[in-house]
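For reference, the structure is listed below as structure tokens.
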Amino acid sequence: MESSLEIRFHGRGGQGVVTAANVLAEAASLENMFSSAFPIYGAERRGAEIESYCRISRTQIRETSPIEEPDVVVILDPTLLKISNPLRGLRKDGKVVINWKGASPSVGFKTYTVDATGIALELKLVKSGWPLVNIVMLGALVKATGVPSLESLKMAIGQEFSGNLGELNKRAVELSFERTFEVEQIVA
Amino acid sequence: MTMRMMGMALGNNVALIVVAGCSSVIQGMGPKNSYGYPALNIAFAAGPAAASGMWRAFKQRNKDVTVVVWAGDGGTADIGFASLSGAAERNENFIYVCVDNEAYMNSGGQRSGSTPHGAVTPTTPEGKKENKKELLFLMLDHHVPYAATASVGYPHDLMDKLRRAKTIEGFRYLQVLTPDPYGWLFDPSRTAEVGKLAVQTCYWPLLEVVNGRVQVSNESLHCLRKETRRPLRDFLSVQGRYKRLNDQDYKELESYVDYTWDRILKLMRT
Amino acid sequence: MSLEYQVFPVSTPAEGAGGKTGNWRTVRPVVTDRCIGCNACFLWCPEGTIGVVGRKAKVYYEYCKGCGVCANVCPVKAIEMVMEQ
Amino acid sequence: MMKVMSGNEAVALAVKLARVGVVGIYPITPQTTIIEELAEMRARGELSADIVRVESEHSAMAVTLGAAVSGVRSFTATSSQGLLYMHEMVWWTSGSRAPLVMVVATRAVGAPWNIWNENTDFMSERDSGWIMAFASTPQEALDLTLQAFRISEDPRVFLPVMVGMDGFILSHTKTNVFIPSQEDVDNFIPPRRQPYVIDPETKESMGNIFPPIYYMKLRQSIHEAITNSEEVIKEVGREYNKISPLGDYGTLNVSYKLDDADYAVVTMGAWSLDAMEAVDKLRENGLNVGLYRVRYIRPWSEKEIRENLGDKRAILVVDRATSLGRGGPLYLELKSTLNIPIKGVVTGLGGVSVGKRDFYSLISRFVEEARYSEVGGVEWYYPGEVKEVELGTPRTAH
């Protein structure tokens, strides 16, 4: 990692977009890095498009505004590609981590795909009818960026979730770490 | 008057919260006061909430102190009602005494939610068109462990009720009718008499509700039957505030009394 | 450091903090021989300025406002209200 | 110990560490998670405080005051409409000289409805006789809350303390926070002291009618307690630095690259950090600027401000609040303190996002202006991305 990393999460209200950013920030802090995580400030509504942000840095973080030029975009729900522009402002050398099954999408950036929905269903990580893909995606993110380590991530998960849910999510990030595919950059 | 009776009934281990009203004034001027109790004077709508904080503070300090909120009918029925309702719903552990003189007497006797139908006040010069707010019934609907009414016409009954309230834990509500000679327009020396007339004519029911069980006080037992009630006119005619009362208003007030007692009878049966 | 500038909105109980209300009075209650010491006047007095001493009511005129409640509640009409001179 | 936590979580933790006895709670976004966290701590048995779930903010403050004057450390929190609804009790509390602490997670004030950040709610209580501090990070929210209890209960002060923090931007941002140990906090905050206690043993009463002269004396006394609290705040800050390795307390406000600066920007709260980024960048590009962050609104340290800003050629004050018809409150306060050219900017209202680029352009434009002309007045600044807003047209009444 360079001195800092800006990650933007895209998903729908109720998918755990905010929790994902929080857990990532915790994991980074376990490696003695500075981190900050926050949601798009507003009313939380299930199903509506939601963004959250995570900054990780070796030095103190002094920016408080939403991330407009991220290094990495994490997309929890691929249908968002059609209805909005989650890739806006992504740096030229930026990376996309996306919950995707089957033939890879062509988005013009270095892309990592993982079938997070499949993993969540396989492990029965389901809440209120929705597969919980938020933490699963972090396994793929760690694979894509190398920050933080999978170990720190699992430790942070253990702090955030107690009991069975913690164990399942730890298992989930292990699986997603293994099952993440790197797609060569396709220049549009 | 009521304040003195409370002193006799509750003993020394009492802390008062005095909500804006006449009782904020009669203490006299700081840095001295004429109460024998420690008192927190507070804004109109804040009494029950401040008491919620106060009794918990005494609990945290392991002190056995009875917290009493002292409020007028304006502070109870109108501006303070949300705060009163909240504290009652939470069953906070204090005694709430509503000194009901049926108007904003401290600011000159303007109508409040507790002013009865037909009464002339500076803001209802033609006589109030609406009935008195049913504070007692409203408090009963909060499932409070203790609610009662009293009148300064019957001090022993009032003190008995305060003593009983003191032994109960949780939210206790006591509404005391305190005739005000200047707002009700009668000779101040007849205060006790007017307080008695209100009860004898059944305008003001004396009762006590402990954990939902209704007990009509001795002084009001004759009101349970319509035939044995003293005519309402005896209570109204001694007061100047009813000078605009016409026959229709009088009927309205009579049916208000009937309604009140029907409701009490119903409560007694359930 | 001096705390002299500190003022707090606190008051302590004191007799007559409301002022000597006795001079508000235009009529004064006078207890006559008919008094039976029943305590009714003591019970009802709004100001706490009348009490029974040795089976007879006694008025503390310093604070009595002369409202006449005592005369009115007396069951044997033993208190007379007299104009102040 | 370091932990990643939000501003609201940090405040809740501070309340626990301060061993508060009674908390009056009523929900309002964005403060709500403070009281939720406290309720959860209580449910888990980590918090001994009595939690009173009241029916309005007015009552929340009344509960907190009732407990405080009866001898127990107490706390509440609110935002926006809640603070305005509480306004009467805010004054009653300072008039009662009741030591207690309230946190305000700031938010715009209606109408129309807007839940996003703006400091106008907090700033509107400047006249109410409280000590008022404003945080710029979740860390500072925790630190200032802990210090608030100590300042509030200092015999030289005996006043309530309000700690503000930007709604969402601090209240909901999770970041690294250093947590002092319970033992250190216990030593830092001594057992509760207060000027009087409502108690049958003391028989002291509070707040009955006071004659005019006495009332005025009391008001002057509160005024003097606020101005004299400056020394207390510095002293408490220096002590706090001993238990927190990251602490930069000991002064009321904070300077950044000010010593050799010709021009300064003055800010308050979270975006001061973005402004610092802009200052660094501007300095790289040869502009001699610095930043002054106001941490304490009350007391307003005239001395410290004059020392730090008095020699500047001109200053730019960026407010996230308004005194409608007059400009930003910080701008107005500084105008009354300094005798140098001052320009005010009002921006960021109702959640309008202002970042380091905006500060960069605001400051560089200001320096350009100040070099060649007299600066002054108030500008309403909209960041680049804010498009023309279509507003309803007024209609005449029939």
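A, B, C and D label the chains in the order they appear, each numbered from 1.
Quick note on the criterion: contacts are C-beta pairs under 8 Å (C-beta built on N, C-alpha and C of every residue); 3 or more make two chains touch, one makes a residue touch a chain.
What you see is a predicted model, and the numbers here were worked out from it, not measured in a lab.
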{"item": "Comparison of B-D and A-D by number of C-beta pairs in contact, larger one", "value": "B-D"}
{"item": "Rounded Å distance between chain B and chain D, as computed from the means of their C-alpha atoms", "value": "43"}
{"item": "Separation of chain A from chain D, taking each centre as the mean of its C-alpha atoms, in whole Å", "value": "34"}
{"item": "Geometric centre distance via CA averages, chain B-chain A, whole Å", "value": "62"}
{"item": "Geometric centre distance via CA averages, chain C-chain A, whole Å", "value": "79"}
{"item": "Residue list for chain C, restricted to those that touch at least two other chains", "value": "9-13"}
{"item": "Residues of chain D whose C-beta touches two or more other chains", "value": "203-208, 210, 214"}
{"item": "Graph class of chain-chain contacts, one of line, ring, star, complete, other", "value": "other"}
{"item": "Chain B residues within the chain C interface of the complex", "value": "1, 4-5, 26-36, 152, 155, 187-193"}
{"item": "In the complex, chain D residues that touch chain A", "value": "2-4, 6, 30, 115-117, 166-170, 172-176, 270-271, 273-274, 276-277, 351, 353-356"}
{"item": "Chain C to chain B touching residues, read off their complex", "value": "9-19, 43-46, 48, 67-69, 71-73, 81"}
{"item": "Interface residues, chain A side, partner chain D - complex", "value": "21-22, 25-26, 29, 34-39, 41-43, 61-66, 68"}
{"item": "Touching residues on chain D, where the partner in the complex is chain C", "value": "95-97, 155-156, 158, 195-196, 203-208, 210, 214, 217-218, 220-221, 224-225, 228"}
